[in-house]
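The chains carry the letters A, B and C, assigned in the order they are written, with residues numbered from 1 in each.
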Amino acid sequence: MSLLEVNHLTQQFGGLKAVSDVSLTIEDGELIALIGPNGAGKTTLFNMLTGVNVPTSGEIKMATDKGQVLINGKRTDQVAKLGMSRTFQNIRLFAELSVLDNIKIAMTSNTRENFVETMLRLPSFYKKESAIEDEARKLLTDFQLIRYARSTAGSLPYGLQRRVEIVRALATKPRLLFLDEPAAGMNPEETADLTAVISRIQKDYGVTVVLIEHDMSLVMNLAQRIYVLDHGSLIASGTPAEIKQNPAVVAAYLGGEAVAEG
Amino acid sequence: MKFNLKANLIWLGIMVAGFVLIDAAEFTGMVNTFIENAMVTVGINIILATGLNLIIGFAGQFSLGHAGFMAIGAYATGIMTQNMATPLGFWLSVAVGVVIAIIAAIIIGVPTLRLRGDYLAIATMGAAEIIRVVINNLKITNGPAGIFNIPQFATWPVVYVIMCITTIMIANFIHSRAGRAVMSVREDEIAASAMGINTTKWKLAAFVFGAATAAIGGSLHASYLQTIAPGDFGIMNSISLLIIVVLGGTGSLTGTVVAAGVLGVIDTVLQNFGTLRMVIYALALILIMVFKPSGLLGRWELSFKRVGTSKKKEVVDQ
Amino acid sequence: MHTMMQQLINGLSLGSIYALLALGYTMVYGVIKLINFAHGDIYMLGAFWGYYVLRYWHVNFWVALLSAMVVSAFAGMLIEFLAYRPLRHSPRITALITAIGVSYLLENGMSYLYGASPRNFPQVIKQENFHIAGLTVSNIQLLILVVAIVLMVALQLIIKKTKMGKAMRAVAVDPDAAQLMGINPNHVISFTFALGSALAGAAGVLIGLYYNTIDPLMGMTPGIKAFVAAVVGGIGSIPGASVGGFLIGILETATQAVGLSAYKDAAVYVVLIVILLVLPSGIFGKRTKEKV
């Protein structure tokens, strides 16, 4: 059973079909890239998969401990609790809160504190809080962010904000992680760091990763399989080598800047 | 753990010291009825405004209906202690007020908390007005005349202790998993829900919590002043509480306490100015906002923890 | 049926006052996203100006109406300049509290200067009742309705046809982009306050004539009702404010007509909440969904 199974997914905004009849599968442990020209419907697809948008038609099924679950129709937070997490194209950190609190917030649904122990500050409360604190700090340490733990998230430089957002998504303990243009606006050095981060998430944390990216060197380096979206429809899928050869993909990108790097 | 104990002991020390100070002032006769009245009003305002700050400053939900929940508590106490003029009756009435306020907050909050910003403000204001109009027209509440001769169980020590308890409860709520979830809703609802936060649930939690403390404040108000009328719980009263919250700094409990105190002092000092009093008050309000737009304390919190969960800006290591 | 029609007429005249006020709220909200809490008090200022010029200068009604509009317009611009402009880039809630402060200042300042007791508004236009098909319509009701409609049409023309109107719409959509296109937002915002306040001033004089009595706190309740009307209509929407105003006015008189006058305010708020739950941005408001 595939981790995620998407059948005939369509999203219509008024007269515009942003995503049209997309079917795809994602296997456990894969690293998949979703590419396509601007306006191809990549983010819209992400939004449907993570429950931010409700699909017009089609179905999204995810494998969980309790068997296959239909995702569409569920709220974003319910989808997140099933093990899907994401970052956003235009970074959405909890900007006024500390980096540490950003991570702790992502751990909310995996932790419990009852009302009585919270109000009375029972020893059990402090125990749980320090467990949360330790885990959050461990994650930050793991991704070289610990020195920014107490900084306000919104005050960090752009590249670091991207990284915090990825680590925050990881803190929800997802099985499936969606990254929306993680390398956007990064210089080559930052992109190299990012490549390492993503591949560690897949390998060390065992998380399946799907990423939208325009940086073809990053895509070709990382992705095991690639899906290509154009004008809302899937026009190709395959390994990086296959995609490079695919005439439909080349045609879709003709005149685009991105393919030159790949 | 060790720091927490130390910080908690410091807080306890401050609260006991405050109590002893007021008690000594009462004992030596430095506090006349007028000043005691002003101090108790400040205490009740702290109870009400910290709850409102939880909703507005921490959960980011602009509620303008706080006086409605206050009215529920006040009338629960006013009505019940008429028939049960015992301390037990009083505490029972506080509990009943809290329960009714919680139910009302759920009924109001579930549909309206979907609204955003000013729309929510105006809807909650409307809901509070509906509560007031209903009270104004019921027999049991004695209509527009209100209830008088309410037995006084809420003396200043009672108000002081309850004020400490509700403030601690709200602070404990904020510095916990629940508080972080609530603040994430304020910061970015979409990101919060993508992180598995049920935003509706946490908004409602903050709203209900705030409403419950407002009911407690209302009960104390009724029992201390011994007279209540529907007119005491109108839009202008919700706005007075909003002023305390914004003046102190939305998202700072310390600020709320300070602002309630400052406004209490201004009010007391201006008492002799007659009609000019409100003119000066209005000018002061405008000037403070123009020159200190984020409120007296912004988001700063007094904290005794070396490494606290407060958002106080620490040295950014870069 | 007969009473309903009669109440409809009464509701329309009250509603046109709310509509005139609601337009000011909606325009100001449109350009700077501020609930101008002091707007109801501008209406009070307009009424007081009308009272003074009619009573002591013995001018004719139309002069009083127009001069009240001009004076109110200046008052609105002055308030914006002194109290709101310094807070243009502050949190919106701060500006709201300042607006509440201005409202308190105007109400209490006027009470301090002129006393809080109500005074009789000079009845410069003698009331005459017309009986048409069993319905009673007074000339004052007609006057209010006609003046309100003329002003609304004029406003619509200003917003749709003039350069300043176009600039207002541009600032409402995107203040930064408007500025890049060479629009001075300060001028536009001042102009918006002037327009909205002029309408409020006119409403003040009209209500003085209708209810015969004015006092420094007269702006409080109609101010809040008019804001509710603007929200019901969809705040930021000009037609919405007019429709909302008439709706609230008619609703209020209708609840009174069926003998529930004690619940007339509650009825207004019930309708408000129901409308917002069905249409979260009001009747004419645009539903904006955040782009992810």
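Convention: contacts are C-beta pairs under 8 Å (C-beta built on N, C-alpha and C of every residue); 3 or more make two chains touch, one makes a residue touch a chain.
Since the structure is predicted, the reported quantities are computational estimates derived from the model, not experimental observations.
**Student:** What is the identifier of the chain with the smallest separation between its Cα mean and the overall Cα mean?
**Tutor:** B
**Student:** Measuring centre to centre, with centres taken as mean CA positions, what chain is farthest from subunit B?
**Tutor:** A
**Student:** Name the chain pair with more contacting C-beta pairs, choosing from B-C and A-C.
**Tutor:** B-C
**Student:** Starting from the mean Cα coordinates of subunit A and subunit B, work out the distance between those two points in Å.
**Tutor:** It comes to 40 Å between the two C-alpha centres.
**Student:** Averaging only over C-alpha atoms, locate the centres of subunit B and subunit C and give their separation in whole Å.
**Tutor:** The mean C-alpha positions of subunit B and subunit C differ by 32 Å.
**Student:** Quick one: subunit A and subunit C, Cα centre-to-centre, how many Å?
**Tutor:** 49
**Student:** Name the residues of subunit A that each touch 2 or more other chains.
**Tutor:** 52, 88, in rising order.
**Student:** Indicate the residues of subunit C shared as contacts by at least two other chains.
**Tutor:** 292
**Student:** Please set out, as single numbers or ranges, the residues of subunit B touching at least two other chains.
**Tutor:** Touching at least two other chains: 190.
**Student:** Can you tell me which positions in subunit A touch subunit B when the two form their complex?
**Tutor:** Contacts found on subunit A: 50, 52, 75-77, 80-81, 85-86, 88, 92-98, 101, 104-106, 108-113, 118-119, 121, 125-126, 128-130, 132, 147-148, 150-152, 155, 168-169, 172.
**Student:** What does subunit A use to touch subunit C in their complex?
**Tutor:** 43, 47, 52-53, 88-89
**Student:** What residues of subunit B sit close enough to touch subunit C in their complex?
**Tutor:** Its residues touching subunit C are 56, 62, 111-112, 114-116, 118-119, 121-123, 125-127, 129-130, 133-134, 136-137, 190, 235, 239, 242-243, 246-247, 250, 275-276, 278-279, 281-283, 285-286, 289-290, 293-295.
**Student:** Quick check on the complex: what are the subunit B residues that touch subunit A?
**Tutor:** Residues 1, 4, 8, 169, 172-173, 176-178, 180-181, 183-184, 187-188, 190-199, 299, 309, 311, 313-314, 316-318 of subunit B touch subunit A in their complex.
**Student:** Residue numbers of subunit C touching subunit B in their complex, please.
**Tutor:** Spelled out, the residues of subunit C in touch with subunit B are 29, 35, 83, 86-87, 90-91, 93-98, 100-105, 107-109, 111-112, 116, 224, 227-228, 231, 235, 262-263, 265-266, 268-270, 272-273, 276-277, 280-282, 290, 292.
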